[in-house]
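Remarks on the structure that follows.
Labels run A, B, C, D and E following the written order; every chain starts at residue 1.
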Amino acid sequence: MDSALIPKGVKRCPLWQFLLFIGAVGIVLLWGVYAMLLCWFKGLNQTNMNDYYGFALWIWADLAVIAVGGGAFFTGLLRYIFGKDELKNIINYAVLIGFICYSSALLILAIDIGQPLRGWFIFWHANVHSMLTEVAFCLSCYFGVLTIEYLPLVLENRQIDKVPFFHHLGHNMHEIMAVFAATGAFLSFFHQGSLGGVAGVLFGRPFAYREGVFIWPWTFFLFTWSAAACGPCFTILVTKITEKVTRKKLVKDNAIELLAKISGWMILTYIIAKTVDTWYWATVTAPSKGFTLMEFYSNNALYGIWILVAEILICGYIPAFILITKKGRKNPLGVWIAIILAVIGVCLNRWVMVLQVMAVPVMTFDHWALYYPSWQEVATTILPVAYGVILIAISYRYLPVFPNEAEMNPIEPLPEEAAAIEPSMAPEQELTPAEA
Amino acid sequence: MKNNLNHRFGMVIDLDKCTGCGSCMVACMAENNVPFRKDESDKLLSITWMRVFRLNNGKPFPETDICYLPRPCMQCAGLHEGHSPCVSVCPATATDYGMETGIVSQIYTRCFGCRYCMASCPYHSRYFNWWDPIWPDGMEKYLSPNVSPRMRGVVEKCSFCYHRYQLAKDKAFMDGGRELKENEYQTACTQACPANAITFGDLNNPDHAVHRMVKPDLEHGGRPQNPHAFRLLERLGTNPKVYYLSSRKWIRHAGDNYLKNEAKMKKPVHHG
Amino acid sequence: MKIGRREFLSFVIGGAAGTALSPLPWKLMDDSSIWTQMWPWTPVPENGEASYVNSVCTLCPGRCGITVRKIDDRAVKIEGMKKYPVNDGGLCLLGLSGLQLLYGPTRIKGPLKRSGKRGQGDWERISWKEAISEIVEKLGELREKGRPQSVGAISGSDRGTVPRLLERLLTAYGSPNFFRMASVRDSYELTLDIMQGVQALPGFDFENADFILSFGSDILEGWGSPVQMMRVNSAWKSAGVKVIQIEPRLSNTAAKSDKWIPINPGTEAALAMGLAHVIIKELLYDNGFISADTSRFDDWKQLVIDEYSPDSVAAVTGIDAGTIVVLARRFANASKPMAICGRGDGTHPVSLTECMAVHALNALTGNINKKGGIFAVSDPDYIHWPEIEMDSTAAVGMQHDRLDGAGSRKYPHSRYLLNRLPESILSKALYPLEALFIADANPLYTLTDTQDTGKAFEKIPLVVSFSSFMDETARHADLILPNHVYLERYEDVPMPFGMLQQAVGLARPVVEPQLDTRHVGDVIIETAKGLGGSVATSFPWKTYYLCLKETLGEKWQAMVVNGFWSGSKSIDQALKTSFDTASGKFEFVDPNTGLKPQFKPVQIKGDERQFPLLLMPYDSIRLAHGYIGDPPFMVKTVEDIVLKHNDVFVEVNPKTARAAGLNDGQRALLGTPLGTAKVRVRLFEGIMPGIVALPRGLGHTAYDDYLAGKGINVNTLIGPVEDPDSGMNAAWGIRAKLSKI
Amino acid sequence: MFPFNFEWIWDMGHTVFMGGLWYALTIIGIGMTYCIIKAAIDASKKNGEHHH
Amino acid sequence: MSTSDGPAKKTIKDAAHETAVEPDTEGKIQKQDKGSGGSIILFFIFGVFASLILGWIIFPKLLYVKKKQPIDFNHAFHITQVDNGCESCHFFREDGTFSGVPKLDQCIDCHEEIQGVDRNEIKFVEDYVSKYRQVPWLIYSKQPNCVFFSHAAHIKGARMDCVTCHGHIGESTSLKVYEQNRITGYSRDIWGKNIAGFKKNPWDRMKMDDCAECHQRDAADIEKTNIKSPEHRYIDNIIKVFSPSSLSLEKGDSVQTQKDACFVCHK
């Protein structure tokens, strides 16, 4: 029924099957939307947040999706600025994943704030000294850039592309994509950093506070770095999952391998920096405020020293060493383990920098504050996942997300169509907009 | 550092006198239209601009000792004037530091509830309105017009009863704009304290009791020169304007975090 | 022209572009944010002219002066009145939350008549005329039947014109059954009566004392007049006065004192005697005073020397002998030492011998009727009303014994023994109580053994409450004739217990009555007039206001201007009048009964094997437990280690908890001979092992949702124990057990 | 956000921060405007060509 | 990098190819569409105009509800009858607070009985004075609840006159219609008579920025450096950043904005 919308040369599941899938995920989405509306209309009392846990699950989810969404900016940077051509086959998907991550982040922020209708005050009455202002500005600008990067892909839909204006628009946007990508990289660098700055500048919270250069605490750089390092892992992870689900090879190994290799070196350098940072913080910064390292990791039910081991050793050094070695990269299981660990690692880091910061008592007579999210928080956190799955499914079905798909998964052409399709195969992949 | 404040309103709370009765909390609630709910036993959800903490010395029976510590907003000045932990982080400039008074002020109607300031405050002096403020039918009659009730979804905090400063100044304008006298501007908690444990005034003014009581070293971030005086979390560099007095060492020690060996080292130097 | 898909799209895009260039989206965005700033359901307090009214707070026996800030005709804030003799500007949290009572949801909106079963909460709104005629009818009937004595009244206080009018009504009507709520005041009154021969209240010259020995008196938890005591305590801190606190639990007072001495519960008198032993033995007492101004010292001395050596006292009290000796020396060597008693905030009396034992210490150091000591302060004598006209019915009625046995041959000195009333009603030993009036009291909540009290109340055919609030007693009444709240009415307020100054404050209306309520004084006068005859002629006043004005006479003007009237400091006067005993001296031993200050253990209820622990109530100033319950602001200050959601915590020593296998925060069952209750356990190092402490003031079943249903009313678990010497309730606790759920 | 906003002051913070922001916005804005206009021109031109 | 016209050509070819394959419906529509290039632009312009009319003319009419004052009031006449100008009725209380719109008690001083023949006065006396009911005036300049505005600071402190902010209301003989914003409940006078937010007079609009307008200028005046251009202030600020002690001049109260801190105007 919707065959006119499906890209040429690829095979998609029947519409009913597709709709069934969308429907199933849609139910989860609606559950999240219901929770979101509860939060908007009844207020944040729907959550289990409190005056100690002013930042909680959502802000973690926000930071986490932005961190893993960092794959878009970093892949874009490699592709458009550093000219890594191999990545042209994964850049579309990286952009799509980034788009999903950033739109989700903005949605979560819109639920998280106490007064969503006044949310625009952050722009209008901006306080330039606040890391959060920087986050908001760069986040929304970069979301704009991602939209611009994603839009040409939408315009490439068979039917939309027929409209000359849209066709030309998509084409022209491709033409100057490098400029957008550069701006995006600039914006992304800053907001990833400012997200790190959000915690790092809290000089009233010795657990979070870091020294740094000028106005930027070390966490500023560590966050950017870790997003650039682990974001591509998430892109690979989602790509691999998509391949599993569609039972097709969608991206050529050379693209994945290149990305994995770069990611591996990034993770390694990042985790060394993180180790140094942790060491300095544990031996200099925290003691100067009267804290020993172990005070941050004891006397409570959840936050033990295991968290530091897990974040740095297990989810840092291990994936780094797997990905920088050729043997590791060539081993499919190794890659799976590495990218999953890297993604967990960066998410764990964000968790620590949001939730543990809130949990650690600062006043000597205060207590550890532990918190568990309410179902509304969980539902609204799953909401973006469902939304992402749906958007990926729709994009995959109707847009030429994977330029190599047709080539790598040739379909048995129907006799009458064969003539029409065959000749266009070769030029199509050559002329895919991603290349332009 | 040079101190360019006109005033530096601050508070000195004598913990030897404080009985932990909680009158300051109620005086504050009554003065500032603080709402309440049917269950206020979750203290992490309960708005108390002034909150009385309970400290104990951790010793077993019968050496155990407890002390109460009232905690308003510390009105931190930070290492350089105005760099309080919460002010610079507010993305919408909804909170600010007044150089005229040294008070951290806030526009509740500007705040959009991101709660970043709460995350930044080590004293937990900032409170979020998780619920709509609802007064039982008829009870809204006692609300004071001098403080606007806050709506759901915004952060609020102790203001050192700034409206009382405004009202006192209004009166002074009628007398030709004269300077305020010490007793003309007092916070509600100071006024109510049955034990006279709270003293409020201008730390910059040597004639004011607060200045005489703690002798703040304004050249060095306001550190108290009275050996019995201390501030909460002094070493974070928040430079609070609320000082505490106690003759008991363990209480003064509880005001800040110390490394184990450090406490021993510091003993002869401090609290002479 | 055919409008196709593309035309439509184009139109929409153009519309979007045009809209962006119009004020519509921007203004809507701005206005919607302004709407959030002025949500119609967030109240906007009306501004207006500010004014201040001075009055007196009568929510607790503390009686502080208040200044109420008003905006136009709304009261917006209660503050302490500066220069008022009691509190000089400070105010406690109950006083500060008074407006929540004035405007609160728990107020009774007008006279109510029960329409369903008792306590069910079904009411019928009636008019004041109906309400009063209802009472008049019932009282007239009883009087006609010749049973005027079967009418009683419980009042929160017996001082000032309102309680006196109520008492006067009963007398003129023919009933001796006027009851006052008990407190440590009863013990002191009796002690002063026996030892000094005066009908007076103790006045403590705390400002000039230099050593305070407190036998469990929680000075900072509400003992005496709370704000005054806190101010005194602060003055002590500045002056370096030493305070020694003796009690089993580390109360706030103990924590703020210079030394906390934990003591086995109920053995305070033994310690006092032990101290006396050391003082006498080491000849540290004031010999001048003892020989010149006291009588029968040797009688008592013998007892002290024989039975209360430090070692034997140590065995009883759990305080080691060395400490006792040192403490005795420090006490006696101080120049103005003062010993005080009354457990917790003094809501309940202590046994007569205990109070006498503590007071004897003051006599030993001669610190009575002199600067820095204890004075006997008589009530300011300003109520001079015409003699009550009693007809024969009244005279016959007044011949009957009081139902509580006060003033009887058994308890000749006691004036009120409300704690004995429930048993008296239930045992039917005397005569039935057929009508009961209750003013400024909530006995169904505050009397120990709530269950028995409730049963006794069930036997009374007519219970009339004057309460302004739907408290437990009002809820179980047949008629509620709501009084004005204190901020709506005039009333004379004598200085509270413990004050030296003879002064009377004036409570006056701060705002117009908010609801259809009526001053209880007016209701009494109207009832009397309705009854006619000699009862009516005993009430020559048209209204309570006129009665008050006439009673105060020339003081009225001063009270209106200053907020209070104050006599001279009574120190000299007291000196002249305080030893009014037959001997004219301080009596160490009751000359009539031979009763001596000594330690007589109170036989608290419960079998030790079945109930191995001791349950003691403790007081917190954040929990009002008199006839007024905590307003919402106060509940808000209650710590989460006292109350969490609806669960109350009992404090136990970790050792005790370990023995019972309980952890911090764990739920447990607290059992006493009177009943069981679900509680949570809080480990507290500041309490002696073997003791379970439960706060007073929780467990309300009436009032509003902000208070009702939270925690346990300790009075449901504790019963009264009659002091054989005075008839007062001397129970300080009960045996208990704590078990896992 | 704009120099006429209450919060605006001419200082380093605003210059650097807002400078960066407006720079990015300008690039995005100009870029997109360029694309749209060019696409419109291209579309009409190509359309016309195609017609012939 | 591939050439720009490559894909374009291809797609158009494709499209042509497709129409050839499916010659029926799609082909017709496309032909029609191509023929209506002008109508697309026309509809675009329609859209623009319709929305502009909606936004600029209809929307403001819908947004405000017009309310009449309970009775009309002649300021001009009253001011001739009193000694002390505006402050005769809009006076300061002893504690420095401002009384605002007079309460009935003040009016009764003169209007206990009907004074003249004005029907507004008759209505006032009959409907309000005799029944002792407060007049429910609609106050044009009513501040939102979050605002603390000190009349004393402006009138007594800065010696400003009423006209500066309130305009020539004292010369009016009649009260204008009160326009209330349906969403915010504000009087139109607060956000601005002009829907675009332009203003000619200070009293045309009284939002936060309007207060700031004067305060900024006055702060500069106090510095005795006249009104500083942004560049001047910028240079000052830069100097301040690098050498804080070299500048003696004081900025405003606030650290964040160098104007007044929040509580100065907000409560």
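Please note the rule applied: contacts are C-beta pairs under 8 Å (C-beta built on N, C-alpha and C of every residue); 3 or more make two chains touch, one makes a residue touch a chain.
Please read all numbers here as calculations on a predicted model, not as lab measurements.
When every pair of chains is scored by its C-beta contact pairs, the maximum goes to B-C.
Farthest chain from chain B, judged by C-alpha centroids: D. Relative to the centroid of every protein C-alpha atom shown, the closest chain centre, again from C-alpha atoms, is found for B.
Centroid to centroid, with C-alpha atoms defining each point, chain C and chain D lie 74 Å apart. Each chain gets one centre point, the mean of its Cα atoms, and the points for chain D and chain E are 30 Å apart. Computed centre separation for the pair chain B/chain D is 47 angstrom, with centres defined by C-alpha atoms.
Centre-to-centre, using mean CA coordinates, chain A is 41 Å away from chain B. Shared interface positions of chain A, defined as residues touching 2 or more other chains, are 115, 118, 121, 124-127, 129, 133, 164, 167-168, 171, 175. In chain D, the positions touching at least two other chains are 5-7, 42, 46-47. Residue positions of chain C touching 2 or more other chains: 32, 35-37, 44-45, 47. Of all the residues in chain B, the ones that touch chain C in their complex are 14, 16-17, 19-23, 25-27, 29-31, 33, 36, 38-43, 46, 48, 52, 54, 56, 59-62, 64-68, 109, 132-145, 148-153, 188, 191-197. Listed in rising order, the residues of chain C touching chain B in the complex are 36-37, 39, 41-48, 69, 71, 74-80, 87, 89-93, 96-97, 99-100, 102-105, 220, 226-227, 230-231, 233-234, 237, 250, 252-253, 255-256, 260, 262, 514, 621-622, 632-641, 643-646, 653-655, 685-689, 704-706. On the chain D side of its complex with chain E, the touching residues are 3-7, 9-12, 15, 42, 44, 46-47, 50-51.
The touching residues of chain B, counted against chain A in their complex, run 42, 44-45, 53-56, 69, 85, 88-94, 110-116, 118-124, 126-132, 151-155, 232-233, 235-238, 254-260, 262.
For chain E in complex with chain C, the touching residues are 29, 32-33, 36, 39-41, 43-52, 54-56, 59-60, 63, 93, 95, 97, 99-100, 144-146, 181, 183-186, 191, 195-197.
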